[in-house]
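Should a chain be cited, it is by its letter among A, B, C and D, assigned in written order, with residues numbered from 1 in that chain.
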Amino acid sequence: MKNTFGSSVSVTVFGESHGAAIGAVLDGLAPGIPVDEEFIAFQMKLRQSVGALSTARREADSVRIVSGVFNGRTTGTPITFIIENQDTRSKDYGELAYKARPGHADFSAQMKYHGFQDFRGGGHFSGRITAGIVAAGAVAISALRGRGISIGTHILSCGGIYDRSFGDINADTARLGSMEFAVLDDAKAREMQAAITAAKQDGDSVGGRLETIVTGVPAGVGEPWFDTLESILAHALFSIPAVKGVEFGAGFAAADMLGSQCNDCFRSENGSVTAPTNNNGGIIGGITTGMPILFRTAIKPTPSIFREQQTVDLNTLENTTLQIKGRHDPAIVHRARVVADSVTALVLCDQLAIRFGTDWLKAE
Amino acid sequence: MKNTFGSSVSVTVFGESHGAAIGAVLDGLAPGIPVDEEFIAFQMKLRQSVGALSTARREADSVRIVSGVFNGRTTGTPITFIIENQDTRSKDYGELAYKARPGHADFSAQMKYHGFQDFRGGGHFSGRITAGIVAAGAVAISALRGRGISIGTHILSCGGIYDRSFGDINADTARLGSMEFAVLDDAKAREMQAAITAAKQDGDSVGGRLETIVTGVPAGVGEPWFDTLESILAHALFSIPAVKGVEFGAGFAAADMLGSQCNDCFRSENGSVTAPTNNNGGIIGGITTGMPILFRTAIKPTPSIFREQQTVDLNTLENTTLQIKGRHDPAIVHRARVVADSVTALVLCDQLAIRFGTDWLKAE
Amino acid sequence: MKNTFGSSVSVTVFGESHGAAIGAVLDGLAPGIPVDEEFIAFQMKLRQSVGALSTARREADSVRIVSGVFNGRTTGTPITFIIENQDTRSKDYGELAYKARPGHADFSAQMKYHGFQDFRGGGHFSGRITAGIVAAGAVAISALRGRGISIGTHILSCGGIYDRSFGDINADTARLGSMEFAVLDDAKAREMQAAITAAKQDGDSVGGRLETIVTGVPAGVGEPWFDTLESILAHALFSIPAVKGVEFGAGFAAADMLGSQCNDCFRSENGSVTAPTNNNGGIIGGITTGMPILFRTAIKPTPSIFREQQTVDLNTLENTTLQIKGRHDPAIVHRARVVADSVTALVLCDQLAIRFGTDWLKAE
Amino acid sequence: MKNTFGSSVSVTVFGESHGAAIGAVLDGLAPGIPVDEEFIAFQMKLRQSVGALSTARREADSVRIVSGVFNGRTTGTPITFIIENQDTRSKDYGELAYKARPGHADFSAQMKYHGFQDFRGGGHFSGRITAGIVAAGAVAISALRGRGISIGTHILSCGGIYDRSFGDINADTARLGSMEFAVLDDAKAREMQAAITAAKQDGDSVGGRLETIVTGVPAGVGEPWFDTLESILAHALFSIPAVKGVEFGAGFAAADMLGSQCNDCFRSENGSVTAPTNNNGGIIGGITTGMPILFRTAIKPTPSIFREQQTVDLNTLENTTLQIKGRHDPAIVHRARVVADSVTALVLCDQLAIRFGTDWLKAE
């Protein structure tokens, strides 16, 4: 299965950056879940992001739902989201038909699709394809909320500037949901934005880290082998463009800990089991413990930079140089944030439906 | 699909630490691939590992192949590996029937299996289950070698001590294959072993990092969305017990780079395309570039430590303390190494069969 | 996976009879395959079918391809087909909101979707959803033709009238492709049409049988267990609405044969292996033999009839009667024909890509 | 996925007729289900079947469970069944290394596995592989019984002799469970056995039909497209060796009915919805209605007959003749009966777990 993810609840993405339309099909979600088109539009807006920090390309990104919703609620059949492409200036991309942009998928696409791929604007590899994921994810997020499950992602780092960690999880998560530039510490947000602007002025770009926390997922979800919840989440997260690393709980830092430091000692509080630390990120043996699920995602700097770069000509396979023009983001970590939330929501809807049945997410 | 991984080439694991037998079914591998039982036994030995650094449990781990091999070659039908359990001292585990070991899956297993799980020695969550993966992986490694594909993994760090990075990839990979404690720098190997011994004497344990490199995979393998090669590899790697992080190429460090530092500029050399840097780890847009595939895996310290720990009683959900006895590893990173190789080989056999057909791996 | 079928080449359907649009996503097809929009339109026309024998509902059924095609060829990424609904007279269906039509899925849908389903015109259960399958199937049929594989389906029986069997397979297949009412014997075609008209005038409906033959599929495709080619084809065929039976080769008649009658004795002719009989329908042990693939599909009579029928009220679960109004087909077997071709083509594209790799279907 | 079937509950088969062992892995079944080894042995006995009517090969077929069962109940992890092969007289098969037996998979196997297949006794294509399915199916049947779901299959026809149809479903189902030659009408049973004996004496073989009824499955299980319950059941049934047709409810006969005859008119009785007829076999729109699930399966005559047959030499591809020796069944329909029950049970366990969650089948 190529552009489809999930088993009981699945999402299929389609489209090219400069094609007629992009979108997604969300299948298997329980019937009866309210579909809030305003919330979808809001999430789409977050993905588009703000002025000077992002690409100058302006798309309405209005989402048309053509199936699977009736009287404002999910029917249980596939929900199809269509987003028409409008502001496509394909002439900017002429040279890219044959020069492989470093850090982009032009070369690997050529090796896979033999020149038949739609190269314009990155085609099917464009970050723009995440718009369909965000639309589908908005419905998934609503479904989870109906069962008391919340997801919050902040920009943990950008351009080398670090945000504080999660404190009061519920308050932080609630606040992050509506932030365009989702940083917990306002001063750090300004520093990050300055770093992005500096890179942009320098014709360069910056990367960053996202940190996600999920509360309310029951214990006992996931599998011991192969479909561990970490495996499934990482699988989905690594398909967000530019993600180069995923870690849970203490993550790579756990590798330097002693067992006596890393073990999360269980404690019983009023009959529910928890732990003062969460080095395992809420998942042990591949299965949720009921603690918050916590993970971090590394985003590489945007590969589109405005400096001359060395590369090869895809037709002749000879060395050449490339000067990228057009409209590009000096950073995408702030835009990727809502994509991480969306992907996480879609994974959890699937896993919860597998575990508790296809009706579990239904509004009661 | 729970204990099964892969689509065209798949592996299914089964068994419990103290059950009758453990093993794996490897399905879909091309017919005609030589099955070298000595190499399987050698790989099993590497997983068992060396004296003082590992558990005192001694299993022959002799692998019996009961199907799918005829006249020393794969038939193309499921290959079943059976490893009988022998040295099981279940009485050591009495108390663990009800006390959740911190860092172990006892609590999450209880929430999933409601007390019906075989708790002895971690049951189905035991690292021992990786023996079936290593047996299956040995055949996969042989199949890949027949197509010029090599996998090498070294212990990048253990107990805070770091090995050098890969230098001459082919020489390093060749050497690593047969090392029991797979560290490129001998002096660092001794330091790591000292760190493990120190932790052991202290009733504690250490974690580490593995770094894997794969050469010879053709460009054009993987998918742009959801089944990116990074997604599939991470999916499989996160099901190795104790893995808490996976990163490709520059990984988390890429998040702090500028685009101009991170982009791997393509160069043509004698008609083949390569790049002086490999910050993308051989995969861009989810698809191989033909550069070596490079990734790192974080392994948390062994959760079984010999110090009193706080925990809860699974029956009463009341607070209690726990003192683990029995035979345990003060580190598993050196044993996990061959598991990482095996999992990688199984993933690649699957992806190559999907891409190039079910006969591609067949010996010619 | 719910509304998705296939592994290497997959199709996802979406839409409701009276929703905004219906369609399909075809993913995984090799890059470089010519996409002939006229042929797609022609196939859509065949599915709509002819005047008096079919529903009075008139839809343009023009197919808009919004992704996956570039410069007239497949790119290798998902191809999305959108068909807008236009001639929807939902008021005809008012009573059906709560009265379960016998033979229709109204009752089972209610039990699955709890009243949230879009009941108008059968919603997602409507035969209209096959339009997306036919659009996707048209591209699949073209891809197969490029490799010398042909599919032909005729109406073997309708309303109790039987067509002759296949004679000159190549000639019959070539002729069937463009027939609106696909019967090999013209006299029988007229008798069948008379039977349909008679049933219609009587407020009743008729069923029928389809017989499909496929030539050019290489030997060695399929699996011995679970994914036998018969299993995969039957899986897909049984999802065509109204199909109640599938049989291969001699099918049910084989159950009354002796082994000496049923065995297809192999013969070698000019170095290629064939057999004078084809009681196994080209598949033995789940795997193609290289003989034509032959199967028959039973289609029940259209459940929408214009006679008063007994049923229950879905809200009160009390007994009531129902008089169906609106526009309906007195037979669908002639319209289902192109759907059978399409489903067969999609299955074969998937199986061939699994067997020979994702590029095998690519135009050379 | 090749030798694996199912998503939430899956079964993987392995082994060759004359290899070391055969078996199955049953994964995903809820924890806490009692595993009755006597019932497993009883089912295995039914599959082996009785004296003169079946092969002279005698296998103990004792099933060893090596994982997934603890204290007599399922743990929720993979259950592995191993059946050692013992009575293998491989020398009987010498000639079959190169002569393709008509009606058998020898030729198609050669085209798929290129001569590396284990040809002895049919290898992985042998009906013997169904022993693993029957062992796994026995546990599935027990799990379903715990939720009030019963499966009954009778030999509807054999050698042209027809049994009566189901009458009192519960009584018939209860009685069939323990019958070695499962025919409802005793006189017809004797006639069928005479037909088998006559064919055997003539060096020939006979086929037959199985009819299966399932009661107690809740309404609302299955999907409208692709994973219709008919699709899933047919998928599984067509992987039983020798099955050439599957039909539900009225099946192929429905093709000759009028809509007014075929529609099952719903009636409400004491608040539960049912119908006096069951021409749809308990499934409409791919989803259960709560009526009994009813289907028939066509079994071709055993291809191993003791008459000289024409065939080709697999090495030279030249015409030759073949005289089969060894031990073979003159009929398998009576042995296939318990396989049909087993496959049906495995499919239903999977579908119910998908619909209602992984714990639904757990003993309460």
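Methods note: contacts are C-beta pairs under 8 Å (C-beta built on N, C-alpha and C of every residue); 3 or more make two chains touch, one makes a residue touch a chain.
Model, not experiment: these values are computed from the prediction.
Summarising the inter-chain layout, the chain whose CA centre lies farthest from the centre of chain A is D.
Chain pair with the larger contact count among B-C and C-D is C-D, by C-beta pairs in contact.
Overlaying the C-alpha trace of chain B on that of chain D calls for a turn of 180°, given as a multiple of 5. If you average the Cα atoms of chain B and of chain D, the two centres end up 38 Å apart.
Note: centroid distance chain C to chain D, computed from Cα atoms, is 27 Å.
One inter-chain figure worth recording: chain B and chain C are separated by 45 Å, centre to centre, where each centre is the mean of the chain's CA atoms. In chain C, the positions touching at least two other chains are 1-4, 7, 13, 77, 112, 124, 224, 359. Here chain C touches chain B in the complex through residues 7-8, 77, 224, 354-360, going by the rule given at the top.
Residues 1-5, 7, 13, 100, 102-105, 107-109, 111-112, 124-125, 129, 157, 159-160, 199, 204-209, 218-228, 230-232, 234-236, 238-239, 241, 243-252, 254-268, 271, 273, 275, 279-281, 283-290, 296, 298-305, 307, 309-312, 317-319, 333 of chain C touch chain D in their complex.
On the chain A side of its complex with chain C, the touching residues are 1-4, 6-7, 10, 12-16, 19-23, 25, 27-28, 31-32, 64-68, 70, 73-80, 82, 112-114, 116-118, 123-124, 359, 362.
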